[in-house]
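Presented sequentially are two complexes of chain A, the first with chain B as partner and the second with chain C.
Right, the complex of A and B next:
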């Protein structure tokens, strides 16, 4: 281990944190997240709305596509045209953002026009000012992930044997899985779905009853991003940053050639710490929030 | 290519890897869209999504280890630990949001007492939901599932790399075999599962059989195709 590779690992962790946050916000502006099931249902239960709706694929495959596209373009420009890495990564991310724009537009038009019989409109103003915001976030995600792949293949002391696009594909799948596991819960707690008391899950009776109006005017997807940026995005970034950082840190500090078992033992140590931390959160919540007063059963809290 | 005893061992390793993925998916506590709305216990995403995210992160760790070592145990352990770190940090960050943003205590609606901590569950389940958050039993089950996925991914990658010596080709095949088995298992799960304490978990032998058939076919195809490359 030397100071340079440790700095690279730190940079990868930072890039991953930014990628995680932008991935989550991208999926919230476009409402590609899991709570979108309510948005899709809304028009059918009599609530036409102005929420962008691009959920025609899960987040992991979609992000894998964008990240791999960025990495393929960058890899081609670097190897075939000897372009400087930074410019190549920027060009790759721009192509990925264009793919994302096509994906978003076609899914918004497709989704909403198929609900025309429920009085759902296609809002062209929404398309004009929400799509660029979605594309911008996709640009950040794909740039960061392609940059992480570049560092892993070309700069770390032990270069990764996989080519750049496959590493980007795998990290894209991972960031999508994390965004959809972590950030979605925060999006699900957004005001759009707050037809419920604080501190309990949404009653299934209320499916599709999304909040469509603000104090002034109708709510739209930019309002969702404003809320999710505060906690959902950063928490997703933390999760992805931890994954990339901890996974690479242990194989950089402990040389995989001579100290492989230490690297594995360190990984197991991280996992045990996470179990203990989750158990601590569970215990403190039970103490602070207490059981639900409506509970009528005979099992003691 | 020579179809010798080693090839049969490689095929068996790929089949075992596929089965590990198929069974491992059943351990991952996923609640799908309802969990994202705090209506169901587990992680708010789909089964394949999280299993693939964690298992393939493990594949990255295993690939790195295989480039510097040929000790199969180190490679398999690296895959499992890499996947465990990914699924662990995902569930932990999810717990922060359930705890500090949504404001729900962690509770499972499938059991009365958490099998690991012994905490009572029904008093902490909100009305109209089937649990919420990630209780300790779900967290441990998710780690087991994620690590089995990483182990399986590494187990598929290892023989393929020995056959063709091409990391990129082996990784693509490993990703493909991984996803096929994860999707078959998630059909068996039908949307949501809480982990090994969930009554649905008892259905795993069905997925085991289906994954075994799929893995045999995929193992034959991948050994022949990559062997001929």
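Right, the complex of A and C next:
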């Protein structure tokens, strides 16, 4: 291990933190993944809305697509045209963002026109101002993931044996999975049901009864991004950043060939520490806020 | 031509048997045509035939997703798309390596199609009988999905490598990592159409046009990859054709959206509720 490779690991951790945060906010602007089911349901229970409904599979495959697209473009430019890495990564992320825009548009149009009988309209002004925001976040995510893959394959002293697009695909899947499980709860559980008691959980009878009106006017998806930037995004960023950083740290400090057992033991140690810490957080939260009262009808806001 | 509805056995204007025939024949003929022209004329300009052929398979796969998932598998749509490509990639590697060991690349696509069909059917039987999904079209749908996934991967792999030889595909597609984009873009091309149009007023033609559109976009991606493996001319040709296909079918998709939607408005407040 030397200072240079430790610096690279730190850079990868930083890139991953940014990627995690932007990934979560990207999915929140478009209401992708699990909060999407409530947005989808809202019109069906008589609450047509002006919230973006972007259903591009789950987050893991979708982000794997953006990351892999950015990586293949960058890889092609680097190997076939000997372009500078930074330029190639930027070009790759731009293509990925365009792909994201097409997928976002087609799912917003498709989902909403499939709800014609519930009178869910398609608002073109929403499409015009929300889609670029989604694409911008996807650009950041795919740039960061492709950059992490580039560092792993071309810059680390012990380069990863897999080709760059495959690594980008795997990290894309990972960031999507982490964003879906960490950050989306903040949007789906808190923001969509902001008018309910904190921590009351989602009662079945509340399905689809999402908040459609904002402090002033109608709630839109940019408002949701603003809300999620406060907690959901950074939390996702921290989770993904730690995953990338700790995972690469142990294989950089310990040589993965000669000191493999140390690297594995360090990984197990991290897992044990995290399990204990999560358990502590859960217990202290329950002590502070729980047990949650039984549902006794709506409480006036 | 639009027939809507979602729950229980998706009504459709295009018969699934016909779509299956178009999908299988279109993709197999396209891949063979590309491979024969490429090897006979000693060029790689015709590699884009493989990418166009893959779109036929994608349409068939998207229709199979639509049929199976219309039985209420809402969140399972992405999973079944990934399953299709997972089954497909096994079939492709198996078929290509068997064809290689038999000494003739010509047998590859046929072996892949038959193996994928049988493999998908077995997975469907397991899903229905062991996991007890109890979906009537599960076996048939899984066989379709497996064949669609396999032929889509084969078509795009051919589009990137320019030949059907096992060694060439391993070198150009797997070792370079381009399989990543084939796998994920192909998976989304099969699963995205129904997923994006999910809802009670989904229509078959809109879903299938979406499939062609996403297939065109995947062709743009394979075109970029082909620039590195086959040179600028063959790659750019593929990229441009992919873009044209995407553009044409995106416009058609938007037309169908305007036809099917309750209203497409420039801006406005919440619509009146219809219960």
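The rule is simple: the second predicted complex is superposed on the first by the 285 of 301 C-alpha atoms of A that agree within 3 Å, B and C clash if a C-alpha of one lies under 4 Å from a C-alpha of the other, contacts with A are read in each partner's own complex, and residues count from 1 in each chain.
Operating definition for what follows: a contact is a pair of C-beta atoms (placed from the backbone, for glycine too) under 8 Å apart; a residue touches a chain by one contact, two chains touch by 3 or more.
Note that this is a predicted model, so its numbers are computed, not measured.
More chain A residues lie in contact with B than with the other chain of the pair chain B and chain C.
In the superposition on chain A, contact is made by A:243 with chain B only, not with chain C.
When the shared chain is aligned, no partner comes close enough to touch A:150: not chain B, not chain C. In the superposed model, A:69 makes contact with chain C only, not with chain B.
Judged by the touch definition given at the top, the superposed model places A:166 against both chain B and chain C.
In the superposition on chain A, A:58 contacts both chain B and chain C. Of the two partner chains placed around the shared chain by superposition, chain B is the only one that A:181 touches, whereas chain C remains out of contact. Legend: residue contacts after superposition of the two complexes on their common chain; A:235 is shown touching chain B, with no touch to chain C. According to the touch criterion, the shared surface of chain A, contacted by chain B in one complex and chain C in the other, consists of residues 37, 58, 162-163, 166-167, 169. Of all residues in chain C, only 6, 74-75, 77-78, 81-82, 175-181, 183-185, 187-188, 191-192, 195-203, 206-207, 210, 213-214, 217, 221, 224-225, 227-228, 246, 250, 253-254, 257, 260-275 touch chain A in the complex they form.
Within the complex formed with chain A, the chain B residues making contact are 32-40, 43-46, 48-50, 52-54, 56-57, 59-61, 63-69, 71, 74, 77-78, 81-82, 84-86, 88-106, 112, 117, 119-129, 132-136, 139-140, 143, 167-168, 171-172, 175.
Chain contact summary for the complex, chain A toward chain B: residues 33-38, 58-60, 158-163, 166-167, 169-171, 173-174, 176-178, 180-182, 184-189, 193, 198-205, 231-232, 235-236, 238-239, 242-243, 246-247, 251, 256-257, 260-261, 263-264, 267-268, 270-271, 274-275, 277-279, 281-282, 285-286, 289-292, 294-295, 297, 299-301. Looking at the complex, you find that chain A touches chain C at residues 37, 40, 44, 46-50, 55-58, 61-62, 64-65, 68-69, 71-73, 75-76, 79-80, 95, 99, 102-103, 106-107, 109-126, 162-169, 172, 212, 218.
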